[in-house]
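The following pair of complexes shares a single chain, chain A, combined with chain B in the former and chain C in the latter.
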Partner chain A sequence: MRFALPPAATSWCLATLACMTLAVAGCSRHATAVDEGNRTQTLHFGNVGEPSELDPHIINAAPDYQIITALFEGLLNADPATMAPRPGVAETWDVSPDGLTYTFHLRTNAKWSNGDPITADDFLYSFRRALSPALASQYTFLFHAVRGADEFSSGKLADFSQVGFSAPDPRTLVVRLARVTPYFLGIVSANAIWYPVHRATIERLGRIDQRGTGWTRPENFVGNGPFVLKEWRPNQVIVAEKSPTYWDAAHVSLHAVYFHAIDSPDTQEVAFRSGQLHVTTGVPAAKATAYLKDHSALLLRTPILSTTFITVNVAHPPLNDQRIRLALALAFDRAQIASRINPARMAPAYSIVPEGMPGYQPYVRMKEDPAAARALFAEAGFPAGKGFPTLELSCETGASLELVQAIQEAWRTNLGIHVSIARRESRTHWETLHLKQYDLAISAWSADYPDPSSFLELWRGNGGWNFTNWADPHYDELLDTAASETDPAMRLKRLQVVESRLTNEMPVIPVSYDRDVRLVQPSVHNWATNPLQRPDYKAVWLGAP
Partner chain B sequence: MFRFITSRFLQSLLALYVVITATFFMVRFVPGGPFTAEKAVTPEILRNLEAHYGLNKPLYRQYLDYLGSLAHGDLGPSFKYPNRTVNEIIGDKVPVSAELGLLSLAIALVLGIGLGTLAAIRRNTWIDYVASSFGMTGISIPTFVVGPLLVLAFAIHLGWFNASGWYLPSDRVLPCLVLGIAYAAPISRLTRGGLLEVLHQDFIRTARAKGASEFRVITRHALRGGLLPVVSYLGPAIAGILTGSFVIETIFQIPGIGREFVNSAFNRDYTLVLGTVILYAALIMALNLLVDIAQAWMNPKVRLE
Partner chain C sequence: MLSSSPTVPAAAVLEPIEKGNSLWHDAWLRLRKNRLAVFGMWALAIITVACLFGPLVMHYGYEDQNLDLGASPPSAAHWLGTDTLGRDLLVRLFYGGRVSLAVGLSATLVALSIGVVYGAIAGFFGGKLDAVMMRTVDIMYSLPFPIFVILLMVFFGRNIILLFVAIGAVEWLTMARIVRGQVQSIKKMEFIEAARSLGLGRRRIIFRHILPNVLGPIIVYTTLTIPGVMLLEAFLSFLGLGVQPPMSSWGVLIKDGAEKMEEFPWLLIFPGTIFSLTLFSLNFLGDGLRDALDVRSSKD
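Coming up: the complex of A and B.
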């Protein structure tokens, strides 16, 4: 049997079809956000995701740090290229001859975004807040050089006036250290926990040590950076506009920065390609290789102070044998792995402290040597890998599976051993590391401040990040000796000795030095990613390539 | 009818309570917690954080506290976003997912029922083959393939739409189309199957014998029975479509609730996990009830009592 649609329905269908055709024909290539942004000096930045907070004393994730440098300014700024301390709210600073007292002289024209002047008391209030136990800031360790700071933050000291901060007058801030810390200015210039917060705003909305009062919402926000928060649409966009009250506003070219929260690197890359973003954060590995080959002018690669390595649980035999750990380190070809997996991002690493640490030459003991690795295995009682137990190599689901498989394969070929791969979701992975229920794990560390100690201190016997079960009193002693050295050059030499101890014992096996990889439109000028990945938006301007 | 609805409502409340209780305890027994991170926090900081969120109390106490606040409609603070409450997050994101969902649903219904009906009435013709191929293809090709393909064609090459974002009305086109097609495919197959079964029944012959036009036979008589499988499918499907799609929201960077289902579990954001689960469970229950009522209305053989 045949069915026919009545004439009315047919003409309705035809009309719809005609409308759709017209609608599609009416579509035309529109001006992109990048074109529009170039015209209005509005930077569209692809952030890795939604920031958890914009409170400089609470933030703890990568997306937060991409924004915070636009909204706040500390005593000092870090030079975008060299990371050397540059004036911020402090115009000048002096260091006492014994290296224990730092005096910061604040500029007279530094203002909050509501027009209030910034005083030394604001800094005292902010540091007291950051160190308050109830605020539970996770970065209070970045105050550890300051006299009494650890005691105050752990609740052992209740009187903040006993902590080494004082403000003799509204323009002078004095910081007294517990011990000589040559990298102290590096910590101050690179970390948000040293940023000031606006006292009246905090107190209007809650207690000094109260979390989540909503003071960072656009309607309440008061900051002191080159930009001020105007709009925050969660999981969508954060808009920061140029602050007219900023002391150096004359040198800020951008009118606004749009931080688009885009979790997926693939989505970021597509948005960049379709002209929605000026700058991305990261590039998917496969696409980075293609950009490197065909559009390298769009791909910005900056060496950063970050190393990827394998953490070894030395309590699990036979990993308690130093020869086994050394052999594992000798038995995979880092250069080949890096070039095969992600040449844009990875560079072969033979030390834990990455290259590019100011004034420091990393200690390198070994290069790959499969024959030597086999000899060490034989010496340890596992000739050609015979009798070697199956160990587990753990990583996060976010880690590169290709990297883990390449190492697994190299160990199988060169040592005749089999390691199984365990990929776990991030928090489960970190929990197994914290509980030390793993054999080998892919890890990475990025420096908090530009000094080798930001890496080497991790493996102190009682270190909170030392998951290796490796506790070496001699290593701790070497660290103490280096820390008490007052001559900066000699101190760095001593740190190299510390690193040599670590490299010889090999509780952590270096794999790659990491680079910051991002796509940048040709219309973006003066973009600089510093080696601590703290972007500086002040100098950026948009214009013809 | 009233008795049926009241009894189903009470059953749903009980089921919701069981879901809340099971979820509350299950998330607590997952390895890792809201403050587990690469950089381990010191025991003192952890104690202070736990005290702030009440995690230092015994578990049964936390459970009773949670039920207490829930009774007042308070879903608690988010662990991941200290600045925001779960109520706010859900309140912000559900309208976005609902907009995405309703537009997609409209596309899915028009396309699915239209194609399914055409396929059924033109059975074994090229129209049927085209419609059935669409159904099979739509079911087999996942949204994370269709999405990027449409982006490549319409956003990058033709430049008609933005590749991602949820700012302009035109930003709705691609995601709604992808999600709509994904749901249209099974709907078209169910419609075709349902209609074919009904078209051979006596009451259709009677309708024709009375001289009703084919259009009327299909729309007034056949579809009412033929759409029953679609309606049963739509209950859970609408709950799913309204509460967002993780894949679509990620590909197109849409600030909907779908991503929170997944991310809150990864973040061990206990209160947000519970909030999203409660939302989803309540929607499923409400829509299943609606489906039962709709089916009774469409099919006289079904009685609610």
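Coming up: the complex of A and C.
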């Protein structure tokens, strides 16, 4: 596929060239991976890079999540479209009338890839592992709702039997919660830290809470998902083949999935065009616009529960002044920026909680107004930006440099301030945030479960992901009040109050709601990206468009 | 100043029989006859003047955006078009040229001064000193060279002047090797023997009699170093260690353009053309200079 081939292509030399290209293309036609894959039901997936790990309790980066749903299955699965919980290893489940006890009934035919049956004890073992202080998983907060889980993971409680998990028989798993959590099943169905791991394999290769034992290497790997790890060539490809022992193997159409590690979206796009990939992750901004115009059928855009925002370090004056933060938020035109920089991916955001959160209406009161922003600056002692220090706006090297520059320029023209841009390699960038050694940083968050609290809980005063130095007792109090609310509708209303507090204080400045943008070959059927970006490979099949 | 031809025996310098043209004058005459070299000189001069004074007569600044316009092809208002943020490409080319030319010239100058002196000393003295000096160069060669620059940048902080020095500080290695090799072959020639027998000091022999004879390779390599340095600057800018956005350099413009060449070809065509033109001009000029300065070429 080409873009904008000039009409002048009729001259003979170009025609010759075209013939040659066709000849070359004709030769390689037989060899494209996509054609071959369509024949053998092998999906070629362009992953954003090399996964850091394939251990469901340790993974933390986007490329890891694209693979883990193929290799493991939790108690529940999330519906590809609605995110509603669907049966996984648990065939049915009951909730006690007080909403505090969940009982999962495991299916009898659930098996590990080595043929062992999956029992409730496997889950107990896995949860104990995931919560072990020595394993130091970054996502133990997703067990927060479970009675005693926080105490166990922080080391205050040594006896795992006091945590709210129990297995009265091998087919029944009971979870007791610390308090009513309406979105509990959403957490369970969407997060890898709730996945089971194979006890015998882990123990053969190391201790329960030992990292990097190599149990996820292809030769040792035992999983319970629709696919099983066959090959791992670092920085090249990870091959997952259909698992014959999977309980629902009859409904798995794909024979294998190849996860190609390709960092650059440009390279992915080229690979897609030359028939090397069925599905890409992301599309370069400029190309997405072209696809949108000419080949929209290949471009799949899904709204996801993700927001891009600017994290403000309120410990660095003058950012400690709420008026300054507010002025920074009011001084750039989100709609214009989104439509110019990446219309396929970005939608203007005026709240931190993205649109599309089931049952929730984001708190949107903010209105961009450069004049009001200038007035706020003058009030705070910086008329026309005079005397304002040069702050640094940090971003990852992979972030859109255009977005950063557009904001930089809007602040310059509207507020008269100069902000320098610091691009850092991803790992260093996050380290800078963790150490709180930054002024302003472009950041993004995707929900872990379909509930506003997945965003709002981040900015608790003592939250592990709160990089703002902003600790507001009133905010924490509002969060607690909302959490203890038993009526689901009322709870969401209270969460809106929580969000209003955040929007007024502005320790984080919303920039855009994000969409998942990817290219999908017409031969791929049933591909669905759910709003949590957990791909479901089970239903996918390849065939004539 | 180097004013005498080293091929003329030193005795003749002391007592001139006829008033000859100086090396530089001869070289200049020869250079002027080389059309490509003259073209290169003019092109470089025009590009440099445009980059220095162009921004003064433009209506736009390098950071002025026009988001509503976005990327637009060349037009009456924007002669070379605009980039995706609606910034005038011509102005950004001028500013980028300032950075790229400055980095290219000054880093090369740093590399030149270190490399030539180092190589000449190692080559002339030979023996143990040479072995030690050249092994040091070998060791520095073995350091992955972008990483070395990055280390320097991280250590000294982000600063465009330091960027020049840092790049120069790693670019001199090849220069040192070339000069050393040349010096080794020249120091065995008769005129050096003659200079020595006349009792000239080592410093005078190196800088007055040997170096002018190595000028050819030095100049050619210099003209090759400048583009290399410009490209390295683009690479560092990409890593966030070079020029900081919204400032531009040719390398940055070309990198941006290459990403969008299918949609907005002018973003690559214009910076690419100017960059290539500069590199060609440098090479033509370098070639011309080598021929012109070759003291062994016949004098007619």
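Observations on the model:
Just so it is clear, the second predicted complex is superposed on the first by the 511 of 545 C-alpha atoms of A that agree within 3 Å, B and C clash if a C-alpha of one lies under 4 Å from a C-alpha of the other, contacts with A are read in each partner's own complex, and residues count from 1 in each chain.
By our rule, a contact is a pair of C-beta atoms (placed from the backbone, for glycine too) under 8 Å apart; a residue touches a chain by one contact, two chains touch by 3 or more.
Note that this is a predicted model, so its numbers are computed, not measured.
On the superposed chain A, the two partners chain B and chain C both fit, without a clash.
Of the two partner chains, neither chain B nor chain C is touched by A:A315. Within the superposed three-chain model, A:G212 lies in touch with chain B and out of touch with chain C [touch as defined at top].
Using the contact criterion defined above for the overlaid structures, shared-chain residue A:D263 touches chain B, although it does not reach chain C. In the superposition on chain A, A:A249 makes contact with neither chain B nor chain C. Look at A:A200: by the touch rule set out above, it reaches neither chain B nor chain C.
Once chain A of one complex is fitted onto chain A of the other, the partner contacts of A:A422 are limited to chain C, with no touch recorded for chain B. Comparing chain C and chain B on the residues of chain A they touch gives the larger count to B. The least CA distance from chain B to chain C in the superposed model is 5 Å.
Common to the chain B and chain C contact sets on chain A are residues 3-4, 266, 425. Interface residues of chain B, counted against chain A in their complex, comprise 30-33, 36-42, 44-45, 48-49, 51-52, 77, 80-84, 89, 92-93, 121-122, 148, 151, 155-156, 158-166, 213-215, 218, 250-253, 255, 259, 266-268. Across the complex, chain A meets chain C through its residues 3-4, 266, 284-287, 289-290, 333, 336-337, 340-341, 397, 401-402, 404-406, 408-409, 412, 420-425.
Across the complex, chain A is touched by residues 63-65, 67-68, 70, 84-86, 238-240, 244-246, 259-260, 262-264 of chain C. Across the complex, chain B is touched by residues 3-6, 9, 24, 27-30, 32-33, 50, 52-55, 58, 60, 133-138, 140-141, 153-155, 211-212, 214, 216-217, 233-236, 260-264, 266-267, 270-271, 273-276, 425-428, 430-432, 434, 443, 464-465 of chain A.
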